[in-house]
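A single structure is presented below for examination.
For reference, chains read A, B, C, D, E and F in written order, and residue numbers begin at 1 within each chain.
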């Protein structure tokens, strides 16, 4: 796991914007009408289904930004597993604030935990192999830092964070350059000394070009298991091998068994279902 | 369908932020290294699976914000169905800009189309009944306006946009108020003349209180089909009836058959998978 | 009164921007030159004329954002009446900070209190009738949430907060639709189940169409008192009736006597004079 | 008149924020429901009362930001007088966009024109005297640049724009410094070579101190007409004299007759009523 | 020295943006990998060369924004002189946060101290003369308020802060106006009563026009020492005289000896080298 | 040269903020007073000293954001050399806008060109060796993307853009980890597959540890020329070698002669003087 940080300074603008999105100009009409201003309450954040929880700091921040006097105490840490009915955190303070922030806190917590849980399930599926599970740049607009964090919390590794932190030569770049070799040469000439280069490979001929031109990693895209195995053999641990192409928890073990170093999975960040978490008032 | 608008002034900040999230401080290292500055290209946005497309304006904006000389021509309109391999739009202009904006354009288009497609599938499942499919406030933080639009594009209806545009009395509010009747009375006393009031109902006794106190709509939460049918009978069209509780395309027809007016479905916005769409360079 | 909230998260950006507007790049040249850095002071916010005070939280925030060690203690609550010379709040802390924030704090407090006071005067004028006083969307750009709050603090009710939270069919919409009936039918087809519909009515024929087509409320625009009374009679409590058109505290009683439910008054938010409040240093 | 500019780059953020304030997340429900997407319209901005118009660029920008294909043609320039029924500008383009932007455009235009009109009325009242009419820092939070512009458009002059562009020693500063002389000495020691210094004067003794210590201007606060005249005589044109204190168009001529150079009027920016302007669809 | 303020509300957005610029989406990869989460540390900010320190509040804020539990204690105040090896401040708290904020804190502190040191060196060079050293508008984009503060901390005076706080007629304005006299007349007609006017002068004829038309200050641009002396003689203390044109600590004494009031030095803000300051961990 | 891009979407917020910083609330008092609104002008951006020009797009944007009708035509491209008096670009359009944007355009152009020129001078000094010149993270707060671009324009290479795009183990990290080997092992365990690792080395023992643990690059900090040469010999091209420590154009050839791959130079971005560029009106 890459323990990359998620500093409060990075996520506070997201939580603030989400709260304002929900409050509009009129605020919480229902709570204002029904809940007395001075009332305090206690509540629990409870898992409605099993999974891996992540994003507790964002939920806590949602409550605190609405009312600094709301306290949230996490019962578990990010990355921990929870079962149905398990209490994730307890919240206490002014009842109005708790109810105003509830949905935003849960939307963040459910979304991040959903990605962490999906990651964990596929990480579990390949346990015992050398394969690490990694994400892609197919993230929800505006939430990339948070979703990359969720992948780490679920036991996965992070791929590139953006167009800016590594070179990844895709099929369209290869086509424009006129071939793997030409693309890699241009990339190497331009790359800074701390910039790695990966190249997408569709067949074994391309793989040989990539190795000859000194790629740091090869992305083996949508290959059959046989071709993946052959590619891993050719590479022979000289560079990092990454398999991609609609891998699921079910298909992952066979892909991992080919010996690839990484399996990248786009749906972790773009299509994982939320983890269902609710807020229950306590007496 | 509620044809609520999605003005460019509302979505441009989202698209701009998503592009900057991908570019970082260094920009697109790969494209800068490999693609000549003067090269132009033509490309097609192609569906990799069938579904309902939505969000074309956001994809177009992603390209235009990177380079105003990139033209995107949509082949279909938001809300249209596409089959695998179907061309959704064509893009032409500077190759660098097309590749720099590609992932952001596709992330928006896939996310919005995914929600529209999920909506359409469940709308289709209840065709012929009186039930409309509606979303919830369980949306992805920062993307609520866009996701609500996606639901409309898929043939669904919008529920509340936020805490501010209607009163929805949930179980926690009822508990605090000391009952359905008390909660509704407080709500009615506070509500502006253009604010409707809906109340969550867990059993038929509560339903009678709700009707007696003049709710505009009742949210029948997690009820059995039998109880739903009984509730619809009691209401007898006096107020709007909404069923909720993990409804899927499979379970939706039976829920709709109870005669409810609305079925609200949280996963449309929080857990729908993206629609897989790719960008193919054309000669 | 609609006790809709005004959360700190909603107003802090306004107060921050107003302070920066006043400070520019050079800060407070006068205070820096004259007031010693270590000096503390005590001061009172004092009404220079009678009225209803509102916006105390924004004044407090102005001082706190300049220097968190400035304490402001309100002597009365928002919505309370003050007489000339009445002390509204006391402030103590570093003298430089108090003087730097003074004008911004007073500009907010005077503006919001001015609207609250104007509202209270016209609410008082119709006391004993069924008529509530309500505001419009004719608000000062950027300050709508705050001004709507001021109306509530003065005892008024809020109309729509924006284009997004209810349907209000104005004369221009009617003209485009080709009549009241057509406009209402289109509105009803599009409206979500929690969206109410009001329609502007210029004569009694239109009123009958509006009732027939099921409007939730009718806006009786610029009608004579006689016509207002006739309209109220026709409506006979089936829908909400709203009178509008340059109503003043003087004319309000006669309008209210027609039996309308609401009187909307644009000048509350666009033309009310500020309440004159000053800051006096105390020994 | 000080013809200080109001560049588009300065006001676009204000107009954009005001539009988004009105649109919320759902946009214009009414227009979307009733007005066909392809319909074009023509409309006139018409004065409902006489006054001085200002802020046409902001109204134009409101329409353009909603839809760049909307054209607005001003029939008069900022600063021009309009009579009841006079056409201020004509707008043409997509009907939806015109109606969506209408209220924001009018809110800006009415507010700015209201201040210009109020300024013009008091400028007119002192015509023939040496007195210029000037504003204060008592402006509406967030709108200072725009309101200062409105004062110029109405024929007035601008006072300080903020705490940062001149030194204005108020009574509280004098009290802290221990007297006019001490305050002025500190100010002069700190002031940059392009920073002028004005001091508030409550009596003629203070005036002598101010002159002795070399103030650039004296603010004669809340003085009787007799004392004002005496002060002007003592000053004898050596420094700028400014009278302040609840001056109205009615009282202004007598104040001006004392021979003061400037009359500052806070209510121009904090309490002027809007100029009533409407939008009429044309065939 | 002009003790103009630098309120936290003014600089916090700068510090926040600089931290986010350094953290990107992934945060501090190195620190996260190597430094245990619970580890605390103590460190000293140490001068690597002699100079004048300024900007301590920004460094402190950088640490606090990353982690409020980091304490920074300044050993000296802004404006104090430090020698090589001198300890400027001590920092203690979570080691991760200290290392994450280190570069941003030092970048601010070094930049601001560099300007203060450069200012101090040229101020020292003219000690004993009447000449004050002042800055220009040739500042680093985005940092003007901070850089103007640095000049004051180094013992210099501030010139205009922007286009908005005084009139400075440059050669291009003179050319457009058709001469010094015409330009000054237009300026005087437009200037508010608290706005001073300075005019750039290239020869002694222009100087006479400037004096005749009542400029408040004259900018003697790129003149020889002889011409400067002659100009000062002609002015004879009637207005402020400012010399400009690539003045260095070496050439400054001779310029000052001509008797000018001010020497403006662009390179203080656009080309001063940073003061080298490092962070040393302490046991 | 690393041809990393500098998209308009990345720099427009900087240019916009810089213009607003200069305009304040009152705009350009001088230009408004003196320059007729309708006047057009032509001007040249002219080098006052020789150097390498960069940042033309930002200057062009400054003019365009003030007035889109101002045209700027670059006579040379970024990275080109200019001699004293050389025309860099020509500008034509409304005279007011040209003068309002002038200082902001020049501040950007001078700052970026200054860095490019400094880079070019040291690149030239090591021509013929294998050494590339690279920058550091010691950049001006808020301007990192722009300054990194300037280094490339001057012929240099970019080092890390932030804490997020590579691992660079500094002396403080080594101290906390307890040695080079421990630090590198933690880094390697945490690093993603596209993240390179560089480590700071103070002596040859540390160098051997770094090589043994598989660093991708070694930062040879403040070493004597002899030790640098010895280190290069030990490394023997297995990893990238980077020399750092106050290298100047004068000392650079000797450092390069040791055979290092990179020489990093902090002062390129934190202390380079601006390139002096002026705007001359043309007839």
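Basically, a contact is a pair of C-beta atoms (placed from the backbone, for glycine too) under 8 Å apart; a residue touches a chain by one contact, two chains touch by 3 or more.
Since the structure is predicted, the reported quantities are computational estimates derived from the model, not experimental observations.
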Can you list every chain that touches chain B and also touches chain D? A, C, E, F
Which chain pair shares more contacting C-beta pairs: A-F, or A-C? A-F
Distance-wise, how many Å sit between the C-alpha centres of chain A and chain E, to the nearest whole number? 44
What whole-number Å value describes the gap between the mean CA coordinates of chain A and chain B? 22
Euclidean distance of C-alpha centroids - chain A vs chain D, Å: 52
Where chain A touches two or more other chains simultaneously, the residues are 2-4, 21, 23-29, 31-33, 100, 144-145, 158, 161-162, 164-166, 168, 190-191, 195
So, in the complex, the side of chain A touching chain D is made of residues 21, 24-25
The chain D residues in contact with chain F across the complex are 2-7, 9-10, 144-145, 148, 158, 161-162, 164-165
For a test of understanding, state which residues of chain D touch chain B in their complex under the given definition. 16, 19-20, 23-29, 31-33, 65-66, 96, 100
Complex interface listing, chain F residues touching chain A: 1-4, 134, 157-161, 164-166, 168, 190-196, 198, 216-217, 240, 242, 261-262
Of chain F, residues touching chain E in the complex: 14-15, 17-18, 21-36, 39, 41, 95, 99-100, 102-104, 106-108, 110-111, 114, 137-145, 161-170, 172-173, 175-177, 183, 186-187, 189-191, 195, 267, 270-274, 279, 281
